[in-house]
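Please find the structures below.
In what follows, chain A forms one complex with chain B and a second complex with chain C.
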Partner chain A sequence: MNFALPLLEKLKQEMTSKTSEIIQADSKMPILKIEAKDIREAVKKLHDDPAFDMKYLNCISGLHLTQTKEDGTLDLLGFEVLYVFSSARDFSTIAVRVDLPEKNPAIDTIDDLYGSANWFEREVYDLLGVNFINSSDLRRIMLPQDWEGHPLRKDYKEQASYNGMPTTRPNEMESIRIE
Partner chain B sequence: MITENDLQSRVEITPINGSEIEINMGPHHPSTHGVIRFILFLDGEIVVRAVADVGYLHRSIEKIAENLPYPMFMPYTDRVDYVAAINCNLGYALAVESLAGLEVPERATWLRMIGAELNRINSHLIAVGALAMDVGATTPFVHAIREREYILDLLEILTGTRMNNNYVRFGGVCQDVPEDFFKKTEKFLDHFVLFLGEFNRLLTTNKIFLERLINVGILTGDQALGFSFSGPNLRASGVGHDLRRIDPYCFYSDMEFSVPVGSGVKGTTGDSFDRFIVRIDEMLESVKILRQIMSKIKEGPIQSKIPRKIVLPAGESYHRSEAPRGELGFHIVSDGKSNMPYRIKIRTGSFAAMTSLSELFKGMMVADVVAYFASLDVVAPEVDR
Partner chain C sequence: MSFYQELPENILVTNIDQLLGWGRKHSLWYLMFGLACCSIELMHTGGPRADLERFGSAPRGTPRQSDLIIIAGTLTYKMASRLKLLYEQMAEPRYVISMGSCSNCGGLFDKAYSVVKGVDQIIPVDVYLPGCPPRPEALLESLIFLQKKIQNEKFLRK
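And then the complex of A and B:
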């Protein structure tokens, strides 16, 4: 992978708020961790500044951050949204990560800068419940519009029935299974 | 009695002002390749706006991954893109191997590349065949399927199954090949180059086929980059982006092959015809690569020793490889304790290609919607996962 650490350091220095930090710097994929309020500034810089020229959005991914406690229950620690951008010139790649709180996770949209961002954001919204503020079209994409809950959350419980149809059924063969 | 005036008024087309007709195209429609639905708002035969609706094949593969040990997720990657199963296997295996630091023997890498390139030809045959069928030419599709059958036979010798091969293992591949496999592949390649010329002549000199594709769905390089296009779709718009070149994996850096780029041979760069011809050229490049592999492959082990329980170091990574439908990215997150991934996100080429539809459909004729969509080579399971 040609993840570009120098570009990441340059971006870190040019940000107005100095709270960003580079994590996993010695691994194959260094990531710049920034605060949610800075995302527009960072992405605008990546998109418009000719020094970066990151006109290509590889992917927006997200995940639910949790920690398993000693008694087996989950500590819910919030959400992570990961953006991967590539340069249109030499295809060097950088990753930007944003951590969001567990309650009402929300982040500014970037779908006015990248044509594909809307669909990637919709997927994160659908499966994780992260809100993208000012999005042009934030609807569910994989699941039906009236589905309850967000399946990729670690504490997700599937709804018992959907439009009157049960979502699970008892397995009669369960009794003969060998433990 | 009907006068001439009456006839005149009957053939006159009056534009429907202010009243759009809403039409559902799909989910079950011959040209939507699986189950994808478009809601088209039409003024006559012109699309005013369009909404693409996906998710009919959502099998929550990413959620399943969180509950399975790393090796057990391998068969599910086949189902991400069933037309190019080995490419998906390979992408996943490379991602995990690079994180876990597993070695792969030389012969296994060559065999993986053979599988991947055969599968690429297979996938592109389906793409160009289905494109021809969607614009009205049924015969080329049958020809493409016939040739694909030989590839499926070769894949059966190589992997044991015709589709959903589940061929790649961490640190190697599942089985070695019999000696006559290379002879058979050689014979197929000799035959295939001749066939491709014939197939190409049948289509690229066909006036109807050309008229349906030339200057339809034009995407400039900047637009294609903005929509995160990858693979042949991006290259057709004139951007020479091939991950086998710019981010080489396996032994692709030792291979001699060119990256076909759309140049508007018949119309404008980035039109549907460019997307067709780039795939034809790419199949020839795959043939070149296969020939080089077979001249270089040597006897040797096909599986390295790997730990019984694979636990990746804590952290996250994004690994990408070049599948027939473009960039196949695996974002893998590990907590460093469990033998199961904390999260796997799969980024596919088809999903990115779908993002362009609402924008590009505007102002198109309904027939061009079919042609443009078919030229993108979208596979529904890969969009929905």
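And then the complex of A and C:
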């Protein structure tokens, strides 16, 4: 018995924009795919409406979508941000997914609704560079503050050195190789 | 009859370098700097079975009281500046054991974006201890190796 699917269909009905769609409907965790501008509306409904009663934010995860072309190069297809919520009432879990463009990915913050969202958003910002608009405190959470780039992007290029420390080490076996 | 045989039984003859080395090698207080799974083996080595303290090596919580730092685990770039600060706070003469593959050369995380590829890029290392992680016996051997090095040092004339 999947508790989440009826809830997700109800959320889909109540959204003002009718562009949302349910994906992975037969899986354990069905996902409602919505547009980035509707995220505040959907999350507010999940948080405040007693019919949903989603008081717990499990996680916010990010993904850089790519496709390998025939010549081996990567086709960058933008970002995906997934919000997973749980209800303490019947332990149902539902997920809301947002797709963002490759250039300047940005989405409204939800950390005024869920206090725990701030650290998740900082993690997604730190590793993927997704900008959360109006966030109360959007800094890097794990990497040093002076780090350049976002390492989980598929097109990330490692710097040659960081703060004077080289990021590579010569292979010492190469120096004793007999030609 | 030689000079040594003429001495009374409670007199030993040595030179100052040997005596200082003997004292210093048996009081290697180490700074606990466990970063990853190697630190679990470091704790085993401090435990009753291997027992680093048999060799006069006691764990200290502060760099200012330590002679030795055992870098046990994966060093990230964020931690590297902290390691340098801790190392600079230690009083000379100071020694470094790089424990495990990660601190030797990056090891498993050779291709990672956040891991220092070898502690010797930050601070000088006296003993490299291979293993992933090394067994407590191996850490004991590296300590004994370091003790031999200290015993042979000419401490008074550099």
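Some points to look at:
Quick note on the criterion: the second predicted complex is superposed on the first by the 170 of 179 C-alpha atoms of A that agree within 3 Å, B and C clash if a C-alpha of one lies under 4 Å from a C-alpha of the other, contacts with A are read in each partner's own complex, and residues count from 1 in each chain.
Throughout what follows, a contact is a pair of C-beta atoms (placed from the backbone, for glycine too) under 8 Å apart; a residue touches a chain by one contact, two chains touch by 3 or more.
Everything numeric in this text was worked out from a predicted model, so none of it was measured.
After alignment on the shared chain A, the placement of chain B and chain C results in a side-by-side fit free of clashes.
Which of chain B and chain C touches more residues of chain A is settled by the count: it is B.
By the document's definition of touching, of the two partners only chain B reaches A:I31; chain C does not.
Contact with chain B, but none with chain C, is seen for A:I141 once the two complexes are overlaid on the shared chain.
Look at A:P151: by the touch rule set out above, it reaches both chain B and chain C. Once the two complexes are overlaid on the shared chain, A:Y56 sits against chain B while remaining clear of chain C. Contacts of A:W119 after superposition on the shared chain: chain B is touched, whereas chain C is not.
Touch criterion met: A:N163 reaches chain C, while chain B stays clear of it. Across the superposed structures, the minimum distance from chain B to chain C, using CA atoms, reads 5 Å. Residues 142-144, 151 of chain A are contacted both by chain B in one complex and by chain C in the other.
Residues 54-55, 58, 60, 62-63, 98-99, 222-223, 225-228, 239, 241, 246-247, 315-320, 327, 329, 331, 333, 342-343, 345, 347, 351-352, 354-356, 359, 384 of chain B are the ones that touch chain A when the two sit in their complex. Interface residues of chain A, counted against chain C in their complex, comprise 142-144, 151, 156, 158, 162-163, 165-169. Looking at the complex, you find that chain A touches chain B at residues 1-2, 24, 27-29, 31, 55-59, 61-64, 82, 84, 88, 90-91, 93, 95, 114-116, 118-120, 123, 127, 140-144, 151-152.
Chain contact summary for the complex, chain C toward chain A: residues 77-78, 80-81, 105-106, 110, 113-114, 116-118, 121-122.
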